[in-house]
Amino acid sequence: MSKSNGNRPARIGFYVCHCGHNISGTVDVAAVARYAQALPHVVVSREYKYMCSDPGQERIAQDIREHALNRIVVASCSPLLHEHTFRTAVEKGGLNPFFFQMVNIRENVSWVNESPEEATEKAMDLARAAVHRVAFHKALEPKRVPILPDVLVVGGGIAGIHAALTLANAGRKVVLVEREPTIGGHMAMFDKTFPTLDCAACILTPKMSQVKNHPNITLWTYSEVSKVEGYVGNYTITVRRKPRYISEKLCVGCMECIEACIYKEGKFPDEFNAGLSRRKPIYIPFPQATPQVVVIDPQTCIEFKTGKCKKSCLEKCDRDAIDFSQKEVVEEIRVGTVILATGYKTFDAGRLPHYGYGKYDNVYTSLEVERLVNASGPTGGELILRDGRRPKTVGIIHCVGSRDRNTNRWCSRTCCMYSLKLAHLLKEHTDAEVYNFYIDIRAAGKSYEEFYDKLLEENVHFIRGRVAEVTDWTARPSEEGKLVIRVEDTMIGVVRRIPVDMVVLAVGMEPQFDAQEVRRLFNISCSTEGFFLERHPKLAPVDTFTDGVFIAGACQGPKDIPDSVAQAGAAASQALVLIDSGSIELEPNTAYLVEEDCSGCKSCLTICPYHAISHDEARKKASINEALCKGCGTCTATCPSGAIRQNLFEDEEIYSEIRGLLTPMPAEAQGGESC
Amino acid sequence: MLNHGAGVSRPSREWQPRIVAFFCNWCTYTAADLAGVSRLKHASNIRIIRVMCSGRVDPQFVLEAFARGADGVLMGGCHPGDCHYMEGNYKALRRVRLLRRMLRDLGIEEDRFRLEWISASEGEKVRAVVNDMTARVRSLGPLKLPEKFRDWDREIGELEEKVGKMEEKEHVG
Amino acid sequence: MIFRHTDLTRTTKTVPRLIKFEEELDLGFGEEIAAKAYGQKLLSCIQCGTCSATCPLSHYMDFTPRRVIAMVREGFRDEALSTTTIWLCASCYSCTTQCPRNIHITDVMYTLKREAILRGRYPKRYPIPVLARNFFQGVFRTGRNSEARLIIKLYLQTNPLDALRQAVVGMKLFLMGRMSLRQDRIRKIDQLQALLNAVDSGNGKKGGAGK
Amino acid sequence: MSDKPNIGLYWCASCGGCEESVVDLAEDILLVLERVNIVLWPVAMDFKKKDLEERPDGSILASLVNGAVRTSEQEEMARLIRRKSRHVMAYGSCAHLGGIPGLANQFAREEILQYVYEGSPSTANASRTRPATAIPKNGSSLALPEFHHLVRTLDQVIEVDYYLPGCPPTPRILKEALLALLEGELPPRGAVLAPDVALCEECPRQESKPADMSFTEFRRPHQTVLDPEVCLLAQGIVCLGPATRGGCEAQCIRGHMACTGCFGPTSRVRDQGAKILSGIASSVAADDPEGIDRTLDTLPDPVGTFYRYGLAASLLRARNRPL
Amino acid sequence: MRYLYYPGCSAATTGKAYEKSLLAIFRALSLSMDELEDWNCCGATSYMAIDETKAFALAARNLALAEEQGRSSGSGHEIVAPCSACFLVLTKTNQYLRDYPEVRSRIVQALDAAGLTYHGTVTVRHPLDVIVNDIGLERIEKRVTRRLKGMKVACYYGCQMVRPFKTFDHAFYPTSMDRLVKALGADPVDWPLKTRCCGGTLTGTIPEAGLRLNRLLIKDAVKRKADMILTCCPLCQFNLECYQDQIAREYQEKIHCPILYFTQLIGMAFGLGDDELGMSLLFQPPTRFLGKQKGEAAHV
């Protein structure tokens, strides 16, 4: 066995981090430092409170200069967190940054192991492995790729809108892709927003028209991303634009055609009004829809179903905007970065049959109530129930499909506040008795607690208890004709039956129905609940593990409007950081071929999913296109004669790591003072 | 701060299996980090080697680990369909299926070598798999191939000299 | 009765003490019960009250199931074992099914019943433990349960007066052939007794009945 | 005569094919004999151990040792040869990698002895006599060599300077090695005296191998009518060519037989079996465990297939078993 | 499909009509069940309160016997337990043996001492599940000779058949029996109390609680214009049926509602005789309705 970097003997600097008490609380850091000091080629071994701090990094750079170190090992947290930090420190010291190896003794040791003896032994094993490995490291040049300046934003809810506008205002070209015929998302359906009670439409619609009119934004509604190729800085995105059967260029949104439709009345559930009203086959989702373009639903339009409609809509349109022959258009764009703001879906209340949704008319979801109290909603803002009555008592049930291991474990974060808001609005509209049934009131936001306070003073009932059932089974004449809510009032310790006219189910937030497909499309991960996974919950909340793909809004987890907007801004600025730097350094972990070692056996050709390996017929050898290689190393593991290697993960490096891990510990860790 | 004195005393402790794990950067290594962040305590017997993809795990690495004294080898990759590199995990799966057969024929029990799909969000699964694997390997007892090689080689002369030479040969230098 | 009222006419003389000192608690009790009920995650209870609200009998209990869980968790051992709650549980499993934390509350109730019996903390002549014990003995002897014998025994041991009230229904059942004093026996009663005795010796603890 | 360099040839656990291959030099053997003194060649000439012991240490320029090491006698002779020779060359797969005898490492010594002296159908050994190291005869004791627990490669017993791969090495390999030795043009010690590129490079069927290999089943030559022109792997025959050193001029392939790996791995590979396993398994078509297993069921003996010559030299060396 | 049959202790007494009618409809469908030989009491819920391990042991003996009998006689590994309590206890034991190693090891030891083994291969089934999901409503519908038109039925599932193990229907809003009733030509009433507890043994031990539970069930069913309540458990049937007089006395109100086993209703629709279905064993035979039906039967 020969060493791959034979010029100078290794002089290794070893550093172990306390991370406050995070590591040193379990691992005997001093013992690890002493142990490392005695390992072959270790010249300097130190422990320090916070290696990632400036003095910690500076120490490394200084030691490299003073002790002529040529290899550095840092034992601290996960490389996914600070590898880059320490590589930079190594570079500052004048070494190639890849003469560095990181040992994860926090996430992999101190945080998961309890026994100090075992944790310390494990930390020593890992340290030894890294010391063995780093000796084989090579100097590498990171690959730089340019970043295309255009950005794709997926999802036209408030998060997508805000992200798109932020980027467009900064002078970047943005393509905003929205699945529905209009942008606006859930927020457009809301009546008022908590805690300020601004009208949602009043604050949202100006932003929607800005999107439409912004010279830097290309808005593609009724469209979906169908393919994603490439890598950070250089994505090729395929977008399928569904036909609206109306020319977006020609339609001015006068809606004469809708008037003219042979259906005199709406007949089909109106998606925008949560099914509480009916629309025609030709419709515009809501008056401020953006773009203000009519759409024809081929599922319900007579012309599409039978081909025998007299097409009165066509006659009515004097701009000839209606085109029944419109076809789907497939567009391909090239962007450098992507922001996903695909939002959420509400919990399906039908999954909890004991709450009677779908069975009792007067049980509503919160989203339905938003429409019901809205002036532009199905009842013009009058609170008229499905059975035509006006409610005198209303029960709002919190945590429907949230905080429940039988459905969703997480807290949906917004329901407490929107339930308070709805309680206020319902009281305002009907002067009914309003009961809130809650487990805990979570009002942790600016001015949220004050809003709760206000509601208490409005004489809204707050009953702490999770509702067991909503039933029409009556036990007293006073309950006749009502829905009875059965709950334990846990403050008093007694079970109560509360008859109400209307039940509002505060449904929780769930991952968007196609979150898994979108995740695969963009090669990112989901967390346990199915929301998109951020790179780091605190330090990189809008980044993903795929460079150049950012997430914003409720697709990352339940979020209210202020948080979604804040995150959208953060995602936009993260994209800008990339764009403005012009290029990005890629991890140089690509595969390469040593041509004279290659026999041309072709075993590698089918292995590469990116078609980065081809067979050079003339030379009868393989050939790797490093630009296409993404660095998985599968070909390296496959090559039967060892002709393909992988930077950063060379065979020798991994063998030495294995050997280092398993080399028996000396019975007694050698002495020797650590610096 | 803990103070264990100059050395960590170990011989008094019962035998602990040593399990080498090859975890892919994107799913399983991230899940192991998540297990850490979530403070999910588990058996300390696992030593993780990070690779970019489960497809990078050369069967030679597995044999090397056993030959160097591992009692078990665990591979972790993304779930089928979820590989960050599209299909590296399928390559891993195929090799593992064949390697398991070969290891079985070479007298290494199936429970000593395992491939698990663990996504980035499955910190809990990391704990479960590590605990389960540790328990299984523990019940199989030590594999101790290096000791076995030494025992086997005792029959040929000048063992000391021989071993010395081998170690010298492999020294990092 | 919902609350344990203080008799106001007497409060001037004897004011009940409503304070709990930490030293009076059994702090490990929650974990002990959790362990005995197969490691139920009792400690994850968020006191939402779903169990009480879904329970068809909670309004007859002196403490709602939620409060019993709180007591157990906080180490109010004697109080928890003295509730009527645990005896009123009819094993309908509504709470278990609906609990948002998946706590098998019915199993917890069983565990508390056993603890209460073990520590003798139930009212004498209280019908439920008596029924359980008679049931237990009958099955041990014959392998099967005879409903008629069980019920007659129960009333005689707890409330002979009630027996008269029930006699009408009973007679009717006898006449229809839906009730009989015949005692079914299984063939291999030895095997069954060996099985039950093996549980005892395996436990190392005495097993309630049959003795 | 005495100014010519001394050469030794010796065999350990081997079939004798390597000895035979020396003769394959044909007329070239005369050229060799012109330039060297053969001082040790038990298979062809009469030499006694004592002759060798009496020679000064290091007095032999080079000894070519073929065969693996299984007995104490072989070990002792190897050590003796090592002492007397300036260069020791492992000659052939058995000395190089353990060879076919190395497959015996799948079995415990007791299993082997039991089968050979008792169990095999053709054995007639009513008294169950077993070989023993000391056999009393006429008042004195006859010594037989000890049968080791393991088959070893030559370099697991003594230091080896060069390796001549092959089962057996081709005349060209031998001739070139001898010429280099005599001309003093040997590469650095430890080298395998054959090209360090896999066999496919010199395989006449290389071009016919498709770029998109995927296996649904593996076949053995008797199960199919083979196309004489097309890559054998492409026909579902397990061919170890991609993981085996070239230098054999693809003789087996030219004879319509798949490569079984006798030249051993390239210098970059530590475990030939594991590496060819990786190369072949990666291209199995199925991607679900059951489908993969169905394909792998057609490959019944992975150890025998992938370690035909290399088990003793492999990372695991032998089947894991108590001593 | 062959099944083993576990009658349970009440089959011979209070639940006689249940067993009679169940076996009758099985005969009518040319299906057979082999009774488990030498079965013992399942342990029931009362046992759990004294010694849970013994309760599991009792149930485990039945499972072990079933496994052995199923194997040697070819009756399969499915055992039908008509009593909801038996069904629950056997199911629970099966699951806990699987899920909790400490339960498993203690029970395995005890079984061993009694010369028994159990490998966990038995599945416990409720006859409602078998009828709706194995036999299938289509086949039931075909066999109907007397469609029960106009009959309004409140389907009462009780607790222990649907909870806590999600075996074949929803824990609070099951529909199997309602669908079955529809297949017989009758109308199920929408009844939110269909899984609300009947009080179990409380009717005997704490009558004031038990009777109230029964009363509200019957009253609400009647209020919803149900002609009868259909049950699938001997104890539920007993509770709902036998205390009606007592309730009437104590609450001084008229209360009258026939309580049938679902198997009896199937039998009626199949045109089986009252004797076969054990109708005479009921306190409140649905005479009013039967009379009406008899007139119509000829038309079908």
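Going by the order they are written in, the chains are A, B, C, D and E; count residues from 1 in each one.
Rule of thumb we're sticking to: a residue touches a chain if its C-beta (ideal position, glycine included) is under 8 Å from a C-beta of that chain, and two chains touch if they have at least 3 such contacts.
Treat the numbers as computed from the prediction; the structure is a model and nothing was measured.
Novice: Starting at subunit A, what is the smallest number of hops through touching chains needed to reach subunit E?
Specialist: Between subunit A and subunit E, the shortest chain-hopping route counts 1.
Novice: For the chains other than subunit A, what are the connected groups under the touch definition?
Specialist: The remaining chains, counted without subunit A, group as follows: B, D | C, E.
Novice: Among all chains, whose Cα centre is located farthest from the one for subunit C?
Specialist: Comparing chain centres, D lies farthest from subunit C.
Novice: Which pair wins on C-beta contacts, A-C or B-D?
Specialist: Of A-C and B-D, more C-beta pairs in contact link B-D.
Novice: Could you grab the centroid distance between subunit B and subunit C? Build each centroid from C-alpha atoms only and quote it in angstrom.
Specialist: 50
Novice: Hey, how far is the Cα centre of subunit C from the one of subunit E, in Å?
Specialist: It comes to 24 Å between the two C-alpha centres.
Novice: Can you give the whole-Å distance between the Cα centres of subunit C and subunit D?
Specialist: 77
Novice: Check each residue of subunit A and list the ones that touch at least two other chains.
Specialist: In subunit A, residues 354, 469, 607, 634, 637-638, 651, 655 touch at least two other chains, as defined above.
Novice: Multi-chain contacts only, two chains or more: what residues does subunit D have there?
Specialist: 269-270, 275, 278, 282
Novice: So which bits of subunit C are touching at least two other chains?
Specialist: Residue numbers touching two or more other chains: 94, 98.
Novice: Taking the top-of-page definition of touch, could you list the pairs of chains it picks out?
Specialist: A-B, A-C, A-D, A-E, B-D, C-E
Novice: Any idea which subunit A residues touch subunit D in the complex?
Specialist: 596-603, 605-607, 615, 620, 634, 637-643, 651, 655
Novice: Hey, which residues of subunit A end up touching subunit B in the complex?
Specialist: 1, 3, 9-10, 24-31, 34, 40-41, 78-80, 104, 106-109, 111-122, 124-126, 129, 132, 135-136, 520, 523, 525-529, 533, 537, 545-546, 589, 607, 609-610, 630-634, 636-638, 646, 649, 651, 654-659, 661-665, 667-669, 671
Novice: List the residues on subunit B that touch subunit A in their complex, please.
Specialist: Touching subunit A from subunit B are residues 1-8, 10-11, 13, 16, 18, 20, 25-27, 29-30, 32-33, 35-37, 39-42, 44, 47-53, 55-61, 64-65, 68-70, 81-82, 84-88, 91, 95, 119-122, 124, 127, 146, 169-173.
Novice: Provide the residue numbers of subunit E that touch subunit A in the complex, in ascending order.
Specialist: Where subunit E meets subunit A, its residues are 170, 172-173, 190, 192-193, 216, 220.
Novice: If you look only at subunit B, which of its residues touch subunit D in the complex?
Specialist: 58-60, 62-64, 66-67, 80, 87, 90-91, 93-95, 97-99, 101-102, 105-108, 143, 145, 148-149, 151-153, 155-157, 165
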